[in-house]
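Pasting the structures here.
The same chain A turns up in both complexes below, where it pairs with chain B and then with chain C.
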Partner chain A sequence: MDITEVPVSPDKKGKKKKNKKPKKTSVSQEGNGESSGVEKMEEDVKMEKSEAAESAFPPTFSVSEIKNKQRRHLMFMKFKQEKRKQKMQLKKKKKKEREALGDKAPPKEVPKTIENQRVYDETTVDPEDEEVAFDEGTDEFSAYFNGLTNPKVLITTSDRPRGRTVRFCEQLATVIPNAHVYYRRGLALKRVIPQCVARNFTYLMVINEDRKVPNGLVLCHLPDGPTAHFKVSSVRLRKEMRRRGKDPTEHSPEVILNNFSTRLGHSIGRLFAALFPQDPQFVGRQVATFHNQRDFIFFRFHRYIFKNEKKVGIQELGPRFTLKLRSLQKGTFDSKFGEYEWVLKRHEMDACRRKFQL
Partner chain B sequence: MQHDDVIWDIIGNKQFCSFKVKTKSQNFCRNEYNITGLCNRSSCPLANSQYATIREEKGQCFLYMKVIERAAFPAKMWEKVKLSKNYEKALEQIDENLIYWPRFLRHKCKQRFTKITQYLIRMRKLVLKRQRKLVPLSRKVEQREKRKEEKALIAAQLDNAIEKELLERLKQGTYGDVYNFPVHAFDRALEQQDEESESEEEEEEEEEEDDEDVGQREFVAEEEVEESDLSDFEDMNKLRTSSDEEEQDEEEESSEEEEEEEEEEEMEVETKTKASRSKGKSPANGTAARKKRAYVEIEYEQETEPASKSRTT
Partner chain C sequence: MGDTSRLCSVWLGSETGILKGVSLSRKQAFNFCNTSHLSRDQEVRTLCWGDPAESELLVGSVDGTVKTFSTEKGAFTETRRCGDPSEGCFTGLATLDGSALITCVECGTLRVWREDSSEPVTELDAGKNVCRMRQSPAHRHKVATGGKENGLKIWDLEKPEKPVFTSKNLRDDWLDLRRPQWVRDMAFIPDSDKVVTCTGYHQVHVFDPSSPQRRPVLEAEYGEYPLTALSLPAGGNTVVVGNTHGQIALLDLRKGLVRGCLKGLAGGVRGLQCHPSQPLVASCGLDRFLRIHSLEDRKLQHKVYLKSRLNCILLSSRDLEDVGGAKGKGGSQEVKEEEEGEEGEEDEVWDTMERLEEKPKRKNPEEEEEEEEEDGEEQKKKSKKKRKKGQD
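For the complex of A and B:
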């Protein structure tokens, strides 16, 4: 059967693949597939369905409308390649322009990162803010920051800790100077706290365990200080670290607190800072870092050495873990009647990807 | 008419009883009024027209009794007696109500009552103790958080941040006079610093060549120190108070400094790797070689090291 009439639209299908299969578009019109065979019938039907051609696109056409998977895939790949080519051309053009202008070229555009795009938090602390300075002078940590008290930390776990948690506690105790580990043995925290206060502890740290792995941390500043509850993840014990050095010595480490910018972040930062003694011993060359990034606080413990005034080498010792703040409570630990300063509300706070609390 | 035997004959063994639960070794009875919970001729409430049970409702125990006279009135079949909270008094009450009843029922009632009071006591005790609160985790949320954490970790670039902070502190002088870098106080301009670091390296090169001629070839893990480096780190000697590892640190770092001549920029990554490798190998070698050797040898296969310096073993 010969093609007598060829409708306009299928003609535009100028692609090679298509051309390999002879166009018998009139079959659809005549309604009879003769010697053309079944396949061509189907082909034509599909051709009809795919409307106009792939090369000359009517505006409402999209690659996803092609019913045949193989062909759709091919079309999509071609589409992608086209896009990529255009992008490369654009880049080249820009580069040429930049070179041509030389020094007068406009500055390079900074790529957008989440940190760049972060929604401005109104509680961001201004370094010269008097109110903040006043608050910090009179809050629960003022005693520590004025040098009146020395930190003394009690580390314990939830009931019946398993091996990993116990080892984690021990390693934490080596990292934090003046820390003592005690077994929990089913004691109620509310009873433990007055005893700790009586023995002059300044911090109570409870590591919660789930399925043999530490997953929560309650940090309670003792003479009725704030209580922070964190979620702990990615705990790496000392023997799992690559390229680590020897065990930490007894020297007090220095503390680095990065990126605690909002009011909440500030209070958490002070909470961490008060864990360590005020005067670090530089002889020990050890540094504990709490780095806040997108509301995750990464803890690292390193030993450093200055090779010259421009280069420092650091070697990681000690455990590493990440924390995420879940709630901050004003008094000591009291889950029922405590007054919560801040609680993580997932639906409100996690809704926007550019908004962070700390 | 109530024919207990007939009833038992039917539901007990031959035909179906909807309260019966069969297991491999035993039959249980799920009837709420059953006193022992087993499916027996004497414990079946359907097959005994005179029957008694103890049941507990919200912490209160009741004695239920069924007699044959009321068998025709299903609504009033069970007589309910509230037992006192006092254990002995309740036992007396049971005795008094079940006087002249078969020994089996009396005994089993008292046993059941005892068990019930025991578990009620335990419940009250547990409420006072610390109760574990189970918090459900949503898998989606956890996965999301894990992914966010990984990305945050990558974005954080912790090592760089820490090093920057340490260098800043050094610049600001928080370390005081502990580190005695001669050029530090004077130069702010980058270029000047670069020049001097280059000149230092040149000195190191010369000395190293001299030492190469003189020194012996030995397999040493770390602790190759050059005198020029030592002079820079004079104050480091004062710091070597406590542990060996500090010494090893310094010596490793100083040995790596020579390699810095060639590759200035990739320094920190490399030095760390070399430190780690040498650290990893030193226990195997077993030699804690002492410091203050006059020559430098870098033993390990380091692909980035130029051929002139590498001595692969």
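For the complex of A and C:
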């Protein structure tokens, strides 16, 4: 066994000269299964003895050069344990130093997160910018924001919806005040839109379904407003929510829009805001939140109660879903001939991990 | 105000009614507004140069007024009422012999206005739903119009009764159904009679009025979305088109193949223009950015955020990155003199360099021969080397 072990340890270190004896290595591999425990001990011994010899090996050696998967795995595990040990030692040292210094210790470093490292977007809206304020003041939503119209939403789906989508639509209709659900009888949207305008609807919401699950949302602001197309994911209906409260009441909820900072984000934020009536009924204590993080918009619907001045309790009611904007088209729904204000081009825009559009 | 307007080499009109000038050398954008308060009525629809010296800009707005902006003074000098807003927005603006103005609106009425009178001198009807009117750079009295279900028509303003050339629609398709036509933009190809048009059905057509064929001479397709803007680079044989999805492509007009795409735009292209002398193309669109790409390597050179949606673009003929301006002139002259001095010195250096380089040029073919023969026997190579050393 001793004679065969000599080629074993240099094999592990990747020396190709010793590989000229395949028979002996195969014998030793068969022996591995039987006496693996013993071999490991001997390997460890060999490792310790040859640590001095290892330093003579070229420093560009890496674990990935070992062809044997089991040995490579073992080496890698050891490598990781070493690293973890070193990291823990470093941490302990730093903590001791910090305690030793006491007040004079330098402030804790802020960890880097993707939100921290976000590339500055030049279209970020400055609140004092007059031109943008004028643009927003006279855009398609101005009628709503000046109090001239009240939202009236028509919710429908793609043709022949399945149970989940139907229930999702019904729950959405309870969340959004003045919303009506209609069955889509295979009608073309371009024909539905003039009829909606005639009946004073302000929004058309079409939930697209694929394989019995809602996966897309087309939100069209009606007189001649922009049309946004979103990808919907992670839909949780009321039944699936944990610790949920009773069903939402008819009161208009408050709306929270988080983190829509760029010009495109502002347009989308206004699109969501115009879905709900302008005056929320605080009696109802309900709030709908659209939270934008890393270009994903998370929708949540809660009921809150103030226990005292500083403590609030919240109960999640209603459906929750995430949206990702795929395109924003100027004008009502016309996917073929409409002009797009923004289109998601994945290969160009998603190339940088720290750059976001909304 | 005058200083800033003299620096600008790119002019853009926006939906909020603001005329924007961009100076690329200074990387700054300036807003020029007519009135103190903005309004959507003033939305700029077309821009054109008022005179060949490019000292005046004509701005056509949605409410039917044409304003003159002087780049020297940096302010709007006069306003003219050239039509009703009920007729539609301006689809084309051009100047004729300095004082006359040609306007075309969406309902099809093409008018020629003189400076003094408020009534048009010539008026003709170019059909309904006109999308664009363009003037031929070679023959200033020839204009082309086209629109939705309104094919390309070339008019001669001296004979306004009938168009000089009316295009015919494409042949019926394989189901014998009539093909819809929607001309969005057109351009006159220099040094010939031909006209290139781009359509809302993602086609590019080339028409030749001098040939008896009234149908397009060349048909090319690009993408799946309506093409909204078109421009001809100075080189010839190529055309740059942009569509509603923000895709800009270079098409070759000899065969109709796509040469390459310019990337970066996220919104529909509203205005495209190629620089008359430099290989650059400027694009503006609904995503509120001005982008300048180089035509040779198709890379983005400049990107400027302008806060409103942009409708039209106009480039000045001078060098885009030229410093320009009165203040810059003295400095630039000094710089030029220095450059000339440096160039003179460099010329001398290069002359001497050339003389030296002639010898290595002679050696190169010899070295190549030697390398080829190295594959052969080594002895022969050694002997040849010895011989050549003797020659030197």
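Criterion: the second predicted complex is superposed on the first by the 289 of 358 C-alpha atoms of A that agree within 3 Å, B and C clash if a C-alpha of one lies under 4 Å from a C-alpha of the other, contacts with A are read in each partner's own complex, and residues count from 1 in each chain.
In this text, contacts are C-beta pairs under 8 Å (C-beta built on N, C-alpha and C of every residue); 3 or more make two chains touch, one makes a residue touch a chain.
Remember, predicted model here, so these are calculated numbers, not experimental data.
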- Message: Quick check on the superposition: with chain A as the shared anchor, is it clash or fit for chain B versus chain C?
- Response: fit
- Task: Could you let me know whether more residues of chain A are touched by chain B or by chain C?
- Result: B
- Looking at the overlay, what does A:Thr123 touch: chain B (first), chain C (second), both, or neither? second
- Message: Between chain B and chain C, whom does A:Tyr340 touch in the aligned arrangement: first, second, both, or neither?
- Response: second
- Partner chain in contact with A:Gln315 - chain B first, chain C second, else both or neither: first
- Message: By the touch definition at the top of the document, which applies to A:Met349: first (chain B), second (chain C), both, or neither?
- Response: second
- Applying the touch criterion given at the start, work out whether A:Gly331 contacts chain B, chain C, both or neither, answering first, second, both or neither. neither
- Least C-alpha distance (whole Å) that remains between chain C and chain B when both complexes are overlaid: 6
- Message: Quick check on the complex: what are the chain A residues that touch chain C?
- Response: 122-123, 129, 131-132, 134-135, 138, 263, 330, 336-343, 345, 348-349
- Contact set on chain A toward chain B in their complex: 113-115, 186, 188, 233-234, 242-243, 245-246, 249, 251, 254, 256, 258, 282-285, 287, 289, 291, 293-296, 298, 300, 302-315, 322, 324, 346
- Note on the structure: Listed in rising order, chain C residues that touch chain A in their complex are 15-16, 18, 31, 38-40, 200, 224-226, 228, 244-246, 263-264, 266-268, 286-288, 305, 307-309
- Item | chain B residues within the chain A interface of the complex | 130, 141, 145-146, 148-149, 151-153, 155-156, 158-159, 161-163, 165-167, 169-171, 175-176, 178-179, 181, 183-184, 193, 197, 200, 232, 239, 241-246, 249-250, 253-254, 256-257, 267-268, 271-273, 275-276, 279-280
